[in-house]
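We just call them A, B and C in the order they show up, numbering each chain from 1.
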Amino acid sequence: MRLQELADRLGATLIGDGERTVVAVRPLDAAGPDDLSFLHNPKYAAQARASRAGAILARDAETLPGRVVLVCAEPYLALAKAIGLLHPAEAAAPGVHPTAVVADDAVIGAGASIGPCAVVGPGCRIGGRSVIGAGCVLGRRVEVGEGCLLHPRVVVEDGCRVGSRCILHAGVVIGSDGYGFATVAGVHHKVPQVGIVVIEDDVELGANVCVDRATLGETRIGRGTKVDNLVQIAHNVQVGEGCLLVAQVGISGSTTIGHHTVFAGQSGAAGHLHIGDRVVVGAKSAVYKDVPDGEFVTGIPARPHREWLKANAGLQRLDQLRERLGRLEEAVRRLEAPEEGGDQ
Amino acid sequence: MRLQELADRLGATLIGDGERTVVAVRPLDAAGPDDLSFLHNPKYAAQARASRAGAILARDAETLPGRVVLVCAEPYLALAKAIGLLHPAEAAAPGVHPTAVVADDAVIGAGASIGPCAVVGPGCRIGGRSVIGAGCVLGRRVEVGEGCLLHPRVVVEDGCRVGSRCILHAGVVIGSDGYGFATVAGVHHKVPQVGIVVIEDDVELGANVCVDRATLGETRIGRGTKVDNLVQIAHNVQVGEGCLLVAQVGISGSTTIGHHTVFAGQSGAAGHLHIGDRVVVGAKSAVYKDVPDGEFVTGIPARPHREWLKANAGLQRLDQLRERLGRLEEAVRRLEAPEEGGDQ
Amino acid sequence: MRLQELADRLGATLIGDGERTVVAVRPLDAAGPDDLSFLHNPKYAAQARASRAGAILARDAETLPGRVVLVCAEPYLALAKAIGLLHPAEAAAPGVHPTAVVADDAVIGAGASIGPCAVVGPGCRIGGRSVIGAGCVLGRRVEVGEGCLLHPRVVVEDGCRVGSRCILHAGVVIGSDGYGFATVAGVHHKVPQVGIVVIEDDVELGANVCVDRATLGETRIGRGTKVDNLVQIAHNVQVGEGCLLVAQVGISGSTTIGHHTVFAGQSGAAGHLHIGDRVVVGAKSAVYKDVPDGEFVTGIPARPHREWLKANAGLQRLDQLRERLGRLEEAVRRLEAPEEGGDQ
C-alpha cells in the first residue's frame, strides 16, 4: 500500500515520500524497508531511530529526524487499523458445511458461516455474517447477533444470548450451570440453574473462558467488555461496559461490576459484592468487600493500594524496627543501673 | 401449579389460599403475582415483605405477615425442588445421533442419548438414561454409569470410569496425563501415566475442569463431591466424599483430601499432603503442609485462620508500633541527658 | 517380561533370579509377586522392605537385603522406561477417519492418524506417525511435525506450528488472539493479532492450556518444555528450553523466560519482563520485575526467597516485638517518675 493512501486511511499526517509502499507491519527490530513499524512508548525512541523500517507510526516526528513518519494523535489505535489494512483477516466461506448439524427450525442469517461438525440446536438464531467455527455447539434457542466470530469448539448452552460483533475464542463455554447447592446433613443437593447468560455487543471472550448461567434471571457481560483467557464468571454476575478482565480472573456469584473496571491477571472477587466504575484490582488480588468508584485496590484481602504499599514497606523494614528496639532496651538497661554503668 | 399441590410436593406448610397457582420461580425483586419466590437469608426480610411474589418459601411465616407463605424447615432445599418442579429440564432425545461415531462393541444402556458428532470408543459402557452431549469424546473402555449428563465437548480418556448421576459440564477433561517427568541432565523424560481416573456417583464437575489420570493406580473423586469451573486435579489425588472445590482451585499430585472439605476459590494445595475431613481452605490460600480434621486455614502459606488474622492485624498496626517506638526513643534521650532537659 | 531382559533394557544390574518374570509396575503398597515396584525416595525404604513386589528398582541394593533389586543410577528414569515397556501405549489406527474433514491440499504424513470428526484445514502439513485425535480442529496452514500426539479436541489456529514428538492434551488451544486493545475514550479497539505460535520439538502441553498468537511475529515455547494443565501463555511470550510451567500458571504478554526455569503452580509473571535461566518461581508467586539467572523467588510481589522467609518470620514474631515494646514503655515510665517508684 502507498504510504499516502495509508496515511489517509489512518487519518495520519505523512512526513516523507507518499509514493513509497509498505507491505507489512513489523516490530521495530524486525522491520525492513518494505515494512511499517510503530513507536508508542517513548522508551523505544532510540530503537525507532535505529530501525530499518520503511515508515514509522508515531505521535510526533521530532524524535525521528530524517525518518518517514506517519504522525497521528493515537499511534496505538492507528497501529490497530494499519494491521487490519495490511494483514486483512481471511473470511470464512459463507454457508453451512455439509458435516454441520443444524436444526430444521434454526434461522441462519445471510452470509453466515457454519463450520464443519458444528451443531446448531432447535430454535437458534444466528445473525448475518456471523461465523460459527468448526466443532462449535449451540444448544436450544441460542441467539447470536450479527458479525460475530465464534472460533472452533465454542459451546453456548440452551437459551443464552450473544450480541453482535462479539468474538468468542476456542473453548469458551457460555451457560454452564452455576455452582449452587442446598447442603442438608452433608449432602449437596443441586439447585437447578434455569437462568441464562447475556453477552452484550462488542464483547470478546478469551480461550477456555467459562460464563455460568444464572440460577434465575441473567448473568450479563456488558457491551465492549474484553475478557482474557481462562477467566471464570459465576452465576448471576453482572459485568458492566468497557471492562477488562485479564487472564485467569475469577468473579464469584452475584457480584456486580461497574463500567470501565479492570481486574488484572489472576485476581478475583468474592460473591455478592458491588465493585464500582473505573476500579482497578491489582494482579493476584482478592476482593472481599465492596469497592467504591475509581479505587485502585491490591492485596489479599484487597485494600486501597496506598495502604498495601505502606503495609508491605513496613514489613520490609521490620528489621530496622527490631534494631531500634534493641538499642533502646540497652539504653534503658543502662539508665536503670547507673551505678553499674558508672563502675565501668 | 396449585400452591397446595406445590406445598405437598415440597413437604411445606401452606399459609394462604391453596387454589392460587404459580408458574415460575423468580427472585424477590423480579417476582410477580404468578411467581414463587424465597426468603432464606434473614437480611432480605424487608425485601420479601415488599415483594410482589404470589407466594414465598420461608422458614417461618411470622416475618411475612399477611403474605402467602410456604413454610419449610429447609427453604433453600425447597427452593431447589421448586425450581425443578416449575422449570423442568428438557430431556435429550434418546438414541444415537446419526453423526455420532460409536464403536461396534460399545454398550449403550436403555434410554441413553448420544449426541451429534460424539465419539464413543471401543469397549465403552454407557449406563441407562445417560446423556453424552454433542462433540463429547470417550476413549477406549470408558465406563459411564446411569443417569449421567455429559454436556457438550467433554473428553473422557481411555479406561476412566464415571459413576451414576454425575454431571460433567462442557469442556471437562478426564484422564489427561499426570505431569510426571524424570529429569536427568536437564532433560525431562516423560513418565508414562498408565493409571486411570475414577469419578464416583453424584459428582458434578464444572466447565473446563481437568482431572489427570494416575501414574499407576487411580485418581479418585469421592461420591457427592462438587467441583466448580476451571479446577485442576493432578495425578493420584484422592478427594473424599461431599467435598466442595470452588472455581480455579488446584490440587497437586498425590494429595489426599478427606470428606466434606471445602477449598474456596483460587486456593491450592501442594503435593503429597493429607488434608483432613471438614477442613475449610480460604480463597486464594496455598496449603503446604498437612491439615488436621476440622481446621479452617487461610493465607500463603496457609495456617490456622486465627493466626492469619493476628498476623494481618499486626501488619496493619505496624504504624502504631513505630510511633510508640519513636516516643520511647525521645523519652530515653531526655532521660539520658537530664541536665539538657533541665535547661529547657 | 523376564527380569534379566528387563534389567538389560533398563541398563540396570540385577540382584536376584533373572528368570523370574514381572507383568506390571505397581506402587510399593499395591505390588504383588508378579509386579515391579520402585524406591527412589529414601523415606520409603522401610515400605520397600515390607513390599510384596517381585522386584524393586532402586539406586542400590544395600537398603533392600534379600530382595530382588534392579540397581540403576537413575531409578526414576528407569521407572519411566519400565512403565513404557510393561504398559505400552495403544497405537491409534493410521489413516483418516471417514468422518474427519480434511482439506484437499492438506499433506498427511505416512502412518499419521486423523481421528473421527477432526478438521484439518487448507494448507496443513501433518508429519509422519502423528496422531490428530477425535474432534481436533487445525485451521489453515497449520504445521505439525512427526510423531506428535494431539489428544481429542485440541485446536491449533491458522498458521501456527507444532514441532515433532509434541504431546498436546485435550482442550489445548494454540493461536487464540493475544489480548491487545487500543483504548481511546473508554472504548477498547481490538489490535488485530496476526502473528503465530511456534511450539518447538518435544514440548508437552496439558489439558485446556491456552497459548496466544503474537500480535506480530511469534509466541514461542522452547524445545523440551513441559506445561501442565490450565496454563495461560500470552502473546509474544518466549519460553526457553527445558522449562516447567506447573498447573494454572499465567505468563503475561512479551515476557521472555530463559532455559530450565520452573514456575510452580498458580504462579504468574507480569508482562515485558525477562526471567533468566534456571530460575525457580514459587507456587502462588507473582513476578513483577526481571529475575536474574539461578534465582529462587517467592511471594507477591516475588523477591528472593530468603527475603521472603525473613519478612514472613518477622510477621509471625510481631507479638514478641510488641511485648518487648510494652515492657520498655513500663521501664521508661518508672525511670521518668523515680520518686513515684521510690514511694512504692
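Note that in this section contacts are C-beta pairs under 8 Å (C-beta built on N, C-alpha and C of every residue); 3 or more make two chains touch, one makes a residue touch a chain.
Just so it is clear, the structure is predicted and the values come from calculations on it, not from any experiment.
Trainee: Expressed in ° and rounded to a multiple of 5, what is the rotation angle of the C-alpha superposition of chain B on chain C?
Mentor: The two chains, chain B and chain C, differ by a rotation of 120 degrees.
Trainee: Same or different, please, for the chain A to chain C contact, judged on whether over half of the interface numbers appear on both copies.
Mentor: different
Trainee: What is the distance, in whole Å, between the centres of chain A and chain C, each centre taken as the mean of its C-alpha atoms?
Mentor: Whole-Å distance between the two chain centres: 25.
Trainee: Which residues of chain A are in contact with two or more other chains?
Mentor: 99, 117, 135, 153, 171, 208, 230, 248, 266, 284, 300, 315, 318, 321, 325, 328, 332, 335
Trainee: For chain A, which residues count as touching chain B in their complex?
Mentor: 99, 101, 117, 119, 135, 137, 139-140, 153, 155, 157-158, 171, 173, 176-177, 179, 181-182, 184, 186-192, 194, 208, 210, 212, 215-217, 230, 232, 234, 248, 250, 252, 266, 268, 270, 284, 286, 300, 310-311, 314-315, 318, 321, 324-325, 328, 331-332, 335
Trainee: Within the complex, which stretch of chain C touches chain B?
Mentor: Against chain B, chain C makes touches at 25-27, 30, 74, 76-77, 79-80, 83-84, 87, 89-90, 97, 99, 115-117, 133-135, 151-153, 167, 169-171, 204, 206-208, 224, 226, 228-230, 242, 244, 246-248, 260, 265-266, 283-284, 300, 315-316, 318-319, 321-322, 325, 328-329, 332, 335-336.
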